[in-house]
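Chains: A, B, C, D, E and F, in written order; residue numbering restarts at 1 for each.
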């Protein structure tokens, strides 16, 4: 229960167009364009030691996403920063001392024109900022950092950018679910789907970016048919700082199978190693040294033992993963 | 105001997982998969003289859509029919005598697994049935039946079925909005976007199907990269009844430009004629005789003068079309 | 052991460029183009009650395949028929009374030019005809006819005809193996891979053709990116005889999921029903009535209870399926 | 005759699953997966002054190819090296003093499961290593080094990696033969096919890689739809050593036509210059200076005058090129 | 020399925007959009016994082509007919008794705007109608009707309709020339290029349409990436009259190779048989019976022995075919 | 009127196969391959202070274009330079003191073979060099340099190089016109079409190349589906001189929308800034600093204030832009 996660009783609050409302009230009308078209620009963040990580980068991307979708978002990046601060402060009393804040920031276009003024729901775009404990997303995942992911290539192809722009973080993501459904039928442990595009090039996971290491060089797909993740960008910067050469290429499954190391990046998990490709050991079949250097640098920079923190949060509640929503194992994103 | 549309005061009711709730309460948690992934199977219907049209066909498609998306919808088609009846009866007192019932039926996967049990929102899939006056959607559109649509081909291409299956009616439809945004910048009157797929073949409008008439023959695109609309299917049946030959082909813009007639079909509008292609008269440049035969037969079969009814509902409220949501001119669909 | 299958001792004989050689000697030099390029035109047949089925059709296709590949096959269709007869007669004493003859007919281009005259192997094209009991291929498969296949869509796409012509029956078929490897990792029972092409259209199984039934109509993919199977053609003829309407279409996975019935066709199995799609029941989830009419007509026409014969051959030897070659569950083909 | 090439009588020996067998016995059962599916991972090498060149690189690629195809190759790279040494030593007495050893290393999956235990052929994967004089492949080709190749673009397109992975060296190569058949009908001298992929990008020859020189820079196609040849890699290293800048690009036929120089690389020929494009002189129309620097460095490094050695082996036997197998002018590969 | 073709001296006249000008004056300014962009809608026709064939069909297509290109052609189809009549009458005295009239009808957009009023050339669109003896195009081709065409597939692909609409008859046809250049390097007799599109489907020749006959049925490509030729349409009508079944399909090279008959259609040649595919006999390797029935019916309908007339015009002048323009063997078109 | 532009009376002269003819006589026979196939290799240049800019680069490209098209151009680059000089000298007296010379250099294949010797027009390829004042093209465009272009993405896709090679400067450019026609219907000011290719990548304008600036780095599309413009190349050199980093990438519309600056390059305009993308401000929405540094350097290097010169030439004559040829706003090219 979320309530046992918090220091004291009370209900989390969600920012909703200028007000703070209790979380159970953070609900959107069925007449909103968000529910009609998946018409939402969004971001999901995390904190380290309570401090939001790369918040400005997330918010700048949010503004660009809304611009692409022509959603008339009124707030500036600075105003968005203030709102996020306010939400975190408001919820802080409900968070455990060892919690991290995971912000969920949605921008919807609002009621469709034909419903406007008719259905007793305010019109205009909606800005919504929710805040919940990161542990919900990552608890029980510590073994992934030890055992590594088994990379699975689903039949579902990534939708290329010219048809649906993945660099615009939006809620048209049923293809992610379809890929995850396939992964759930794959006979392997710790399987994550890695999507290839119609050209057969590696793109991204269903909410994560992907890297390989080959001959001491860090490689990632050309940033085309993917979200250009903030974690991805940070890993590139870490590599530069550590003197690890980096290149973007047209990455192919063969490159993945013959890589020395591989890993996924995403906001809640930071970096998760992959140790096999379709069940066959990748490289030495263990978590690799360059991966370790990068995640250690990251942990050191943010003052949090990334994996240790997850381990400290304990096991997943056994009833959670699956049940009603077996195919969407996570809420997130390659932020 | 919706309230002035109704015979008496009160609030419309929405079916929500077994209960009827007031329409303003018909809101979905931001943690629902629907808002995370556009993860909704849905249908929108209409009545003629208060009687739902082809309801069973809509509901069978809904079941197939949920099956494709692996949303564990529990209700059978028969149960869904009963629920729809119940919703219509509950709202009937609020509808004007000349109103038609437009049902909006949503099925969402429900809370993502990681939020399940934590955010004080019930888990499991959601079945939602709302009911509102059809006039909201179509009022002020009578001139389209006289003047005809100007067909506009946007740069946005239809997402092909192998990447996102449009035959599964779902809420991943940002590409429709992007096409409509382009149409809103096109310098022409009564412009509707007609999407071509990456092969350059004509597919559908942004919520409608499309037909042409050439040399007395009715032609429509192969039912591939489109929703297979129930109105589309009904037009095919009407044509058979009237002895108008019909074929499905790989339809191209050149065929459209050189057609004798053309029209769109969708649930709320039934059939809307197109009289020009990118501003150039199509055929005789007027509403065509085969179109007229078909819509007359339809009106006759359902006992409603389809265009006359819309005309009777008067002009659109001038403030409506656009404002907050300029690019989504309608709520619907090629049902 | 094959020897226990036969009426009496002795070794099966294989036709090899005009001679009959013992089966263990039916081996091809590693310098043959067949082993260098997969450069073989071939056919595989079966008998009913000892009589070869549609042999002429197989041989005409073989001649066309060799012509496409520019392999200078010297024999006419008539001569090929005589050779096949000769092989069957020669092996007849070794076959059990209830055996059927499965012919394997290979045409290779022969030694590559640079080895010609150097490696002590005769030059020129090779014509090879082997004959073995059909039971090897089908024994232990009777349950498939009761339970039905679970259709699995692999990530591996069919190679389209313009890149590698599948209508030419040849030995470049590693993509079939890769698809089967994926199927072997799929968590489902009786799974057979159904390949889609790069356009997302259904093509064929890995050695079989595919049909669906929808609203009483028999549908199959346009005969483009597939072998045009002889069993497929026979089913089309059976349907015509039974008054079952048939059409070729651009078939899609959505059509498969929403079909009333589905089945695969191939030479050794004739027709195998599919009863689920990715684990979800297809139609009624049982073997369908149109399938039954077709296979009954087939059985009747050839005077063999097709399924009963397989059942009569008993269970598969447990050690067989897999071991050294786990991914290639069958030898054959949509012949 | 091969026998006249050798120092003394006797028969070459081929390694076959742990034994050495006489070359005419190096034959594979028609029931082997190799003959059923082109299901072979392979390598072909050469020596310089009797010393194998980059053998380890070849063998590491062989292991990766088998891994991709899921052929359970049991030998390690080190064991494969020993086996190759053993084969060379065993055949050494049969080679002329000026011969070089060309190894042919095949790994097949072995008998298909259904034949296993039935056809009197051992089961399990096969490892085969043959050894023959390089002169068979290259004799009579010295004029190519003087006159240069005329680059021909066939209609046959390269099969892209996502459909059939060319970086996995395997025997599904009928598309190479089809391209060579086209080249044999092209009205030009010394024509070699250069394949473009479905995007129109230059990929590779039918068993060779390809480079151009433009403005002093060495350019090659992005290593995508091609075998990543060991000779190609060596040329890149040679260029680095000589200070010649190198880049991988999306290479197009226009780049080829407007290049200053061009050449093919492959194991038996090392580097062959191209001097015309579809019959029109390329650059100066003669063998270029950067090509010369590279092949001179190569010759120097390996202590063999590469072209001189070929010239020394004399003319091709006139009856050889063609006859039974006119379209497969060579046995090999961009090794 | 054209002068020797005519009954008496004098110069042919060309219609030019309302005037008749001598043929050598029928020249277009280098500043015309026609020369800047290949921006010309056009038609080429022929007569039988002096009577224009299907002139109205040609002119209707011309009007559609101009409409697609948004060239503001002012003349109606009826006015265009009158102009064509006028041109034929004006030139009649210069034609030999056995000549047929080949009209060349061009519509250009006229001077680019920036040159308008500056370069001493009239502005506005140009309508040009020339008239010359058909024998120029077809003389010396009689052997093609006896020997048949050898079908050649070039590397150049057809540009698909969504990129450049071939159903709009226009002068952007360099891809035809590039295909013809390839055919000129092909080592075969009577070779005509048959273009496949990027999907590998057969489209058209470089100025002709294409049919095959298989099992008594006439087949042609779906009318997509091709000009929908008037001769093609006429053959379809002839087949209907003769009771020959006809279907449009996604035609592939394999279908061509395995056809019983094949032929090209175009305005000047009407129907030319193909008797081989890449040098290999097609069907019986001779001119086929269904082809003969069709061309006989055509000859009969128009009162001209089509092949006999060409034979009567004698051999080509030896110096003609090639010289300055070797690759464009004909002027025309699948009209 | 052109005559009022010149210092004195007289008519401009055009080089035509060795002669200088008056401009109104610079007309091409309707039987020329240029008019039949858009079969012209060409270049358009400009001078600064009367001195031709990068003339040699233009002529080298012309020679390559003719080679690709297999037009047997006889002149060497040096001879072409002399001819251009001669044309400029001959026309100099007719140019105003502040005029710049815009050369138009066409190479056509000449009469089609079938007309050769028949239509009283010389045979063989034509070399044509015209010379007119640059002000015709650019006058009245000064506001573009202040206000910037609004980038418009048309539905028309760029034809990729493998179907029609845009690096070969030729007259098959109807797709440019079709894109411009779309732009003319777009409801925005200063709109220029920016074409994407079938992969959705940015290519070029309709006669211009395109750059963006992002985080201080200059980016341009990989030089694939575009003319490799001489102005583009010069900007790359200018950037190198100014220390501005430059990279070629697979550029996408999202990159354009999120760029800091953007601009087009072409010969007559040199560099034109873009300040919005589909009506939304791009970067700061004003002409950017890196653009200014580049154009200032260019102006300085050539000794001409590029924008000032255009401003000095005054407004466009109001009747010019449009009228007969509304869709082809300019004559040129990304030279």
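Methods note: a contact is a pair of C-beta atoms (placed from the backbone, for glycine too) under 8 Å apart; a residue touches a chain by one contact, two chains touch by 3 or more.
Fair warning: this is a prediction, and the values are worked out from it, not measured in the lab.
Student: Any chains in contact with both chain D and chain E?
Tutor: C, F
Student: Could you say what rotation angle superposes chain D on its sequence twin chain F, using C-alpha positions and rounding to the nearest 5°?
Tutor: 120
Student: Do chain C and chain E, two copies of one chain sequence, contact each other through the same residue numbers, with over half in common, or through different ones?
Tutor: different
Student: Starting from the Cα centroid of chain D, hunt down the chain whose centroid lies farthest away.
Tutor: B
Student: As a test of understanding: of all chains, whose mean C-alpha position lies farthest from that of chain C?
Tutor: So the farthest one, by centre of C-alpha atoms, is F.
Student: Can you check how far apart chain B and chain C are, centre to centre, with Cα atoms defining each centre and the answer in Å?
Tutor: It comes to 46 Å between the two C-alpha centres.
Student: In whole angstrom, what separates the CA-based centres of chain E and chain F?
Tutor: Roughly 33 Å separates the two chain centres.
Student: On chain D, where are the residues touching two or more other chains?
Tutor: Within chain D, residues 70, 160, 162-163, 196, 198 contact more than one other chain.
Student: Which of the chains are touching one another, listed as pairs?
Tutor: The set of touching chain pairs is A-B, A-C, A-D, A-F, B-C, B-E, B-F, C-D, C-E, D-E, D-F, E-F.
Student: Which of the residues in chain D end up touching chain E in this complex?
Tutor: The contact residues of chain D facing chain E are 153-155, 185-188, 196, 198, 278-279.
Student: So in the complex, the part of chain F that touches chain D is made up of which residues?
Tutor: 64, 67-68, 70, 160-163, 165, 167-168, 222, 224
Student: Which residues of chain F touch chain A in their complex?
Tutor: Going through chain F, the ones touching chain A are 196, 199-200, 249-250, 252-254, 257-258, 280.
Student: State the interface residues of chain F toward chain E in the complex, per the touch definition above.
Tutor: Chain F residues touching chain E: 1-2, 11, 14, 23-24, 26-31, 33-40, 69-70, 72, 104, 106, 109-121, 123-125, 128, 130, 132, 136-137, 156-160, 162-164, 170-178, 181, 198, 317, 319-331.
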